[in-house]
C-alpha cells in the first residue's frame, strides 16, 4: 500500500521547473528576430529535450503533471499571462500567440472525435472555417451580439458535421475518412465559386466588441500602451481553459470510458450495452462545436476569412498535431500546437516546406513511436485519490 | 416449465454454409449447461446470434418471456445477458477497473450533465463502483484487486480471463454465456477459474450459465447437463456421462469407422 | 438536346469513367489483398503523370522526335517507375504496419500521399502551376453524323478497356492471379498452401500502381494538362467508386467508376452554373448510396472474425 501511496504523490517541483523553463524559452524564441539565433534556439531545444529524455527527467515531469495537474494548470495560465504581458505592445507576437491558443482549442475538439471516439475527421480546418465564415456573415449582415456569434459558429459546425456523419455512422472507419476528405476538398471549391460568400477573396470580419468595449482598439493601462490583441488573448485564454477543463472531465468520466470502449472494440462494446451510433455522434458534435467556436473567434481576431486558409492541407496539419503530440493527451496537444504553429512562423526558410516536413514527421512517428510525443496515460479518474 | 432462454428452429447461414440448422435449445433458470461439439458445429455462432451480433435467418429466441430474435446487441445486454468471447476481447490499453466498468454500462449514469458538471455526485458513484469491482475481483484473485488501475495489456492470460469474467458478471446478469473460458490456460488454472465462477454463483443464486468448452473435464465437473451440436443441429442432450457414451456424439467427434 | 451534344456528353462520361475505374481498381486490389486503404494511391498517379512528362521533356531535348516512340517511352518509364514505387511503399511502409491498428496504416498512407504531392509541388520545376502535357495521339476524328468521334479518345478508351480485360485474365486465368485471389480471400490458408505472401502483396501493389501511372498519362493526354493536385482529387473519387462498387471486387470498381462518371455527367447537364456543383451532386448521391448499402452494391468482403 505504501508503494501505491508513493506513486500517487509525485512532487510538484519537476512540473514547476519545466513550466518556468518553457516559459522563459518561449519568450526568448518569440522575441528572437535573426534567423541564426532562431535556428540556434531550436537546436538547443531539441538537444535539451533529448538530454532530459535520456536522463529520465522527462518521466519525472510527466508524472508531476499527471498527479499535480490542477495546480500546474493554474501555473500554466499564469505563465501564459506572463508571456502576454512581456509582449504587451507587440502585435505580431500576440497575434501568433492567440492563433496558437485557438488552434489548441480546435485540436482539443478534434481529439475528442479522433483520439477518444476514434471517429476520423479530415475536415477539421473546414469546420474551423465554417465557424469563421459564420462570424463574417453574422457580423456583416446582422447585429447579433458577438458572444452569441461564437456559439452560433459552434452550433453550425456541429450541425453540418452531423449531416456529414450520419450517413456513414454504421460503416467502417475509412468511410468517415472518405466523407470528410471529400467535404474538405469540395467546401473549398464551393466557397471559391460562390460570390455570395466573397469568393476567393473572402469576406471581412468585424472585430469583436462586448458591451461597447471594442476589441480592435489599442488601449492603455496607466501610461503603458497595450496592443488590442490582448483583448483577444483574454477571451482566448478563457475559451482554452474552459475547453481544457471540459476535455479533462470528459475523459475522466463514464462518457470518456464509453468513447474509449467504442474506439477499441465496437463489437465488445455493443455487447455490453453501448449505443455505438449515439456516442460517435455525441463525440463528433461536441468536437465540432469546439472547433466551430474557436474558428468563429479566429475570424474576428484575423479580421477576414478566405477559403484558402481552411483547406484540406490545413486539416492535415491539425491531424498531424494530434498524432505528433500524442493522441488523447491534452498537454501533448498544447506542446505540439505551439511547435507546429510557431516554428514555421519564426523560421521563415521552412515555411514553404512545412506541410512536407510535418507529413514526414508523422510518418516517422507512426513507424517508430505511434503513441506520440507525450503518450496518453491510463485513465485515473481522480489522480490523487487513494483507494 | 418456463425456460429462461429458448431457441426454436434457429437458423443462420453464411453464404453457402449453414452454421445453425433449425436448432432447438432451451435453458432452465439457475442451471449450468454445457454446449459442446466438434469445431465448426455452431457453438460460438449460437452465442453470436443470441447476443445480436448476427441476425437469425429463421426461427426465434425467447429470453425471460420476451422475444429477442431481432434484438440488437445492446438490447440483449439490457435484457440481462452477458458474455465472454473466445478471443478474450478486452481493451488492452485500458485499466482493469475500466474494463470491468465497461461491463457495468447499464448501471452507470451516462448523462452529460452528470458526468461533466455534477462532479461531486460522480465521485460518489465512482467510489461505490470501485468498491463493487474490487470485491468481485477479490473473489478471483486478491492480488489483482491491488492493481485496479494497471493496464490489462500487461497481464498474463489467466488474469485477463478473470477480468473478462468480472466484466461479464459485474452487472449481475441473469444469463452468462462463457465461450471457451479455458482456452490458453493450464489444467490447474482452469480448475481455479471454474471454482471461482461457482463461488460467484453461490453468492448470487439467480445466475444461469451456458458454457462452451472443449475441455471435457470442465464440462463434467460443473455442468448439470449438456447439449451437443454437430453441423448446427442438436444431436444429443443430457448429463455429461450420458452424452459421452452416445454413439452419435462419438461419431461426430471421432468420425465414422 | 441534339444527338451530337448528347454523344459528346456520353463520350466524356466514358473517358472519365475509364479513368476513375483504373484508380478504383487499385484501391480494391489493395483492400482485397491486405485489408488496407492506401490513401497515397491517387498521389502515385500524380507522380506517374509527372514522371511521364519528365521523360517526354528529357527525350525531346535529347533530340527524339518520333511521337510513337515518345509515347511508348513515357508509358514504359512511368509504369515501371510507379510499379517500383508501389512495391517500395508496400514493403517499407504498409507491411511493417500490419500489426498496428488499421487506422495507423490509413494515416501513414495519407501522410505519404501528402509527401508525394508536396515533393512534386516543391521540387518539380514550377511544380505549383499546372503543366502542359503533350498531345501525342492522332488528332484526327471520324465523323458520325452530328458527332465527331475523336480518334485519340477512342484509342484511350480501347487501351483502358484492354488493360482491364488483361487484368481480369490475369486474375482469373493465371497461377499468379489465383494466388492473388487466394490471399485476398483468406491469407492464413493461402500461406499454408504455399503461397508466397510477401511476393503476392508486392506484385499486387505493383499492378495497382502501374494502373495508376497509366491512368495518370491518360488524364494528361485527355486534358493536355497535369497539376500536382490531380491525384488527390482522382484518388478521392476512385476510393468512393471502389466503395460503392464494393471494396474487394473488380467488377465493383468498374461499376463504381462508371457510375460516378455518369453522376458527374448528369450533374453537369442538370446544373450548368459551375463545375463544383457537379462534384457536390455526385458525392452527395454516392454518400447516400453508401448509407443505403454500406458494403457496396456488390458485397464487400467481410473480414472480421468474431
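The first chain written gets the first letter, and so on, giving A, B and C; residue counts start at 1 in each chain.
We take it that contacts are C-beta pairs under 8 Å (C-beta built on N, C-alpha and C of every residue); 3 or more make two chains touch, one makes a residue touch a chain.
This structure is a prediction, so every number in the text was calculated from the model and none was measured.
A.B. asks: Averaging the CA atoms per chain, pick out the one whose centre lands closest to the mean of every protein CA shown.
C.D. replies: So the chain sitting closest to the middle is A.
A.B. asks: Based on CA centres, what chain would you say lies at the far end from chain C?
C.D. replies: With centres defined by C-alpha atoms, farthest from chain C sits B.
A.B. asks: For chain A versus chain C, what separation do you get between their C-alpha means, in angstrom?
C.D. replies: 36
A.B. asks: Measuring from the mean C-alpha position of chain B to the mean C-alpha position of chain C, what distance in angstrom results?
C.D. replies: 47
A.B. asks: For chain A and chain B, let me know how many angstrom lie between their CA-based centres, rounded off.
C.D. replies: Chain A and chain B have C-alpha centres separated by 42 Å.
A.B. asks: Please set out, as single numbers or ranges, the residues of chain C touching at least two other chains.
C.D. replies: Residue numbers touching two or more other chains: 306.
A.B. asks: Which chain A residues sit where two or more other chains touch them?
C.D. replies: 267 - these are the residues of chain A that touch more than one other chain.
A.B. asks: Scan chain B for residues touching two or more other chains and write them down.
C.D. replies: Residues 53, 85 of chain B touch two or more partner chains.
A.B. asks: Enumerate the contact residues on chain B facing chain A in the complex.
C.D. replies: Interface residues on the chain B side: 51-53, 72-74, 76-78, 82-83, 85, 89-95, 98, 101-103, 105-106, 108-110, 112, 115-116, 119, 122-123, 126, 130, 134, 146, 148-151, 167.
A.B. asks: Show me the residue ranges of chain C that touch chain A in the complex, using the header's touch definition.
C.D. replies: 37, 39, 93, 96-97, 100, 102-104, 106-108, 110-112, 114-115, 118-119, 122, 232-233, 236, 239-240, 243, 274, 276, 279-280, 283, 287-288, 290-291, 294, 304, 306
A.B. asks: Using the touch rule from the top, collect the residues of chain A that touch chain B in their complex.
C.D. replies: 4, 246, 249-250, 253-255, 257-258, 260-261, 264-265, 267-275, 282, 378-382, 387
A.B. asks: What part of chain A is in contact with chain C in the complex they form?
C.D. replies: Answer in residue numbers: 118, 120, 122, 166-168, 170-175, 177-179, 181-182, 185-186, 189-190, 192-193, 267, 312-313, 316, 319-320, 323, 352-353, 355-356, 359-360, 362-363, 366-367, 370.
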